[in-house]
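Presented sequentially are two complexes of chain A, the first with chain B as partner and the second with chain C.
Let's turn to the complex of A and B:
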């Protein structure tokens, strides 16, 4: 009798665990056909983790820098851990998370995130945090990012968040139940189409141009984490024309970089040096660069990193070269596919 | 702390673990602690009000009983020496003192309720009068804290006080035990309004953990969440869309809103009570049932015997009967019989007492005219049907349809429609607007919206309507099964795979189809407001 009860209970637990697991897999957004940004963070874990340079930041990193160029031109193995509206504390904890797997020589952080001092938006939080593997870094990232309406439990059991998707499931939810489709090239989100930058709005007057205390606190933590791990921290401002980058913000970053001995590159001021053309190098009117623009500024960044930190050219490493040969093939295939689609339109 | 929040579920889990691990003699103290924490988490200041009610009713209840005991001892000591008249005079003096104490407690506690709940309503009315007479003067509204569940715990405490005053129950001697009776958290928010002699039988007992009782409690909680999250909160989306846009949604939309609200209110209120009773059952405590399949009622009078039962009996026992047998009412009865004849005259006191009860019921539900009109509307319908009784009798004597299924269904549908019409006052919460919207049902001529897909513009998708339809069918089926006994017991008698499939299936339905989380408003239970 007792044995029968134990078997019955065990079977029940198994059925509950299995069905909940399957339902959760089914209901989670797959981020395959649209809002692919939601997949970026998770893709990192499938990589071989031996990167020289890690990028962290928002769309200004994952849409504006191409790791393939760093490899092709300088033999630098890099990866972008970027996500949409990645807040600075998310960047910090993503860096902590990265350091659990590898120790890059250089970390590049895009400073636009300094404009946010408090949690912003649940949907963007999800895209930045859901892909992270569980660790204390993820726990802290969630706690730092949650808006008032969010609950930690919803991150632990995402089925609680996505339970209502049952009425809008698509074929891809079944297709990608257990499989993934790569959407990035080492974290880079490729776009080849062109939309010239015209009538970019000027920045509105702000009541206060000072970056917030919380943002500074995480920038300090990031700088310290890099120092403690003997990593060079590079601050960059990508050449996106919007959101507007104020002179007051620029001065604060310049001062911070100076005080902390950090390299700071503002690509907005390097139009001539990079050869960037806002008529042909952006796909959305200046907010983000297309492939042509991204390759131009990455080439410049690669040279700057080489000049500053003398990173080893690793193109002679057979194993890595083979990996990059495959990556380059996929990159070129994606480029061709997108170009064909653009031509058709 | 909403019943539908994760915090509440965590709170329950912690309580259940502590409750069955502490020595049993401490169980009721633990409940008191958790009840006060529950209230404190809602708002620390609420504790002041509930403490005042608890302390005053406890102390004055004891004093009232003390008078009765003194009287008993005094008369016993003078047995044989006191004449009948002396004894009567002495008892009268004691009763007077008891009445003084009783009134002091009553005025204090109902006064707190009246001031906190009705001050702004009074100010609004005075301002209305000032405006009507052309005075430019207005009185500013006051910002008063309205403690959660004040109507429920005040009525529960006052019920206890009346019972002690009447001598039907002994006063509770332990302040903390009494505090638990007033603040027992599962029923603090939306009732039921328990009587002391009912609740105290199991509230202070020592409870051994028993899986059968505990699991029945969990099942009842789950059923409550199904009604609240899957049905009520989903239906609310459509109801809100209709009532918040009265210019846009007229005519048949008003009818649809009325029927939607009937389902929403039922699922919301009974769902909340299921969670309350289920929680208490998990703790081994019996809480009085508050519903008895009210939508199967064949008349409004019957409906009110089956809907919010504890409130109805409270008003009957503590307002209707005392008024009916009060001195002034007996005088009115005498005068009316003389003036109007026996047949009509004897009904006048009943009408007046009922009027008082329904006026109080309306006011209890909320500090606004719509609730008063709603209460008096119920009174009018009940009185009219009472007056039409002879007509009904003649009809049945001639047509013999009383026992026919079709006629019973007609009566049930008629009751649901009548109650739904009255509830439009509750929906729109504005008396002139309610009349106007009600009128559009007969003038707009847009009944086609009920089947041409227009209802899909109310924020509800086809999938939502299918869920609502299936949910309502499930509630109906359960209600039918309930007529022959507890559905949970029937399920418990089935083989394990069936039991598991039923309860786990229900859990999955709540988990997947419940309206909760980001994207939805966290809605309070409707009766939390009272």
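Let's turn to the complex of A and C:
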């Protein structure tokens, strides 16, 4: 009798847990047809983890650099762990998370995130954090990122946060209940359309141009983590014209790179060297590069990485070449599809 | 027993789903902006198209007046942009990932920024570009600190090195250099949420 009761109770618990699990799967945003950037972080885990270069940072990495070019031109196997408005503490913990799986030779970090010294926005937090697999890195990333209104438990049980989506569920919420659709090319978000940069506003005057202590603390931690793991940390400023990159910020990054012996590349100053044309190489008026622009600056970055760190050209590795042949086919297919759509408009 | 399990499950589902209407849905970052914008819009609708400086008292927070056009934070931007006429320059800044475009209109002496909510644009900030204009209370770039205190009092807070006067969910921000006003910005607090 007692045994029966235990079995019944266990079954009851299982049924309720299963129901909640299914509900949570259903209610979580799928980030497939829109706001696809929400899927970027999770896509990494399905990859074979043998990368030479890992990019971390905000939209200025995942929209401006193309790993396919690093492979095609230099035989460098790379991946972008970027997400929208990725804050520096999120970049740091994403790097910690990455090191659980692999140890790249170079980590490239985009420095725009230094402008933020405290948590900003829950919606962006969730796009950077929810895709991470559970680990201490994720726990710490959540703790470092939460705004005053957020609760840790809502990240553990996202159903607590998303239960109001029940009234706006779409067909894709069912279609992608247990399946995923790739939205990036090794973390790169491709756009082929063109919108020239014009009338880009200058930056507003700031009372204090110094980067915050918290931002510096995480940059120090990132530099140390790389040093401890014999990884070369490269700082970059992507050539995005907006948000405005102040001269005062530039000087601080230059000083930091010099003091810590880091390579720093500011692509805003390399228009001629990269051949970047803001009339044809951006799809949104100078905020992000389109495919043409991304391929130009990635080619420059690849040469810089080769010159500085003499990374091995791995194009002769049969297995990796095969993986990249498939990736390149998907990349070219996406390019053609987007070009056709652009022509129709 | 089986029926108890189902009743329990259904109750839990009802509990989780039923209270959804008052919780912000995280599919964009603008849902919380509605209250401020809608409240300001209502006041804007109540006022005639042609506004004078005397009308400014009807608005929430500090407002900026330019050539008879009253510009308040979280107000519907469309009629304001129409009244101001063609801007010297115009820039669109799509937000990363989310739909919607922040817009920047520059009118010589000031910059007007907007944020989108649903199908409308609302004023997010006004930034002074030179010393040819002044706030409705008469303070402009280049004025001494005393004039700021005279106009807005001593009830201010410091935020990122700025002197900030907060009123009705908006902020009036001054940057002072050597006791002189170097920058003036009206700012909606909706975009900070």
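Some points to look at:
The definition used in the following text is that the second predicted complex is superposed on the first by the 345 of 345 C-alpha atoms of A that agree within 3 Å, B and C clash if a C-alpha of one lies under 4 Å from a C-alpha of the other, contacts with A are read in each partner's own complex, and residues count from 1 in each chain.
Convention: a residue touches a chain if its C-beta (ideal position, glycine included) is under 8 Å from a C-beta of that chain, and two chains touch if they have at least 3 such contacts.
Being a predicted model, the structure only gives us computed values, none of them experimental.
Using the contact criterion defined above for the overlaid structures, shared-chain residue A:229 touches neither chain B nor chain C, since it reaches no partner.
In the overlay built on the shared chain, the residue A:8 is in contact with chain B and with chain C.
In the overlay built on the shared chain, the residue A:204 is in contact with chain C alone; chain B does not reach it. In the superposition on chain A, A:135 makes contact with neither chain B nor chain C. Between chain B and chain C, C contacts the larger number of chain A residues.
By the touch criterion defined above, A:33 reaches neither chain B nor chain C. Of the two partner chains placed by superposition, chain B and chain C are both touched by A:164. Applying the stated contact rule after C-alpha superposition, one finds that A:151 touches chain B and leaves chain C untouched.
By the touch criterion stated above, A:303 is placed in contact with neither chain B nor chain C. On chain A, the surface touched by chain B in one complex and the surface touched by chain C in the other have residues 8, 12, 15-16, 19, 23, 122, 159, 161, 163-164, 166-167 in common.
The residues of chain C lying in touch with chain A in their complex are 1, 4-5, 8-9, 12-13, 16-17, 19-21, 23-29, 89-94, 96-99, 104, 106, 111, 127, 160-162, 175, 182-183, 185.
Touching chain B in their complex are the following residues of chain A: 8, 12, 15-16, 19, 23, 27, 122, 149-151, 153-154, 159-161, 163-164, 166-167. Residues 8, 11-12, 15-16, 19-20, 23, 29, 34-35, 37-38, 58-59, 84-85, 121-124, 126-127, 159, 161-168, 198-201, 204-208, 242, 284-285, 287 of chain A touch chain C in their complex. If you check the complex, the residues on chain B that touch chain A are 6, 461, 463-464, 496, 500, 504, 508, 511-519.
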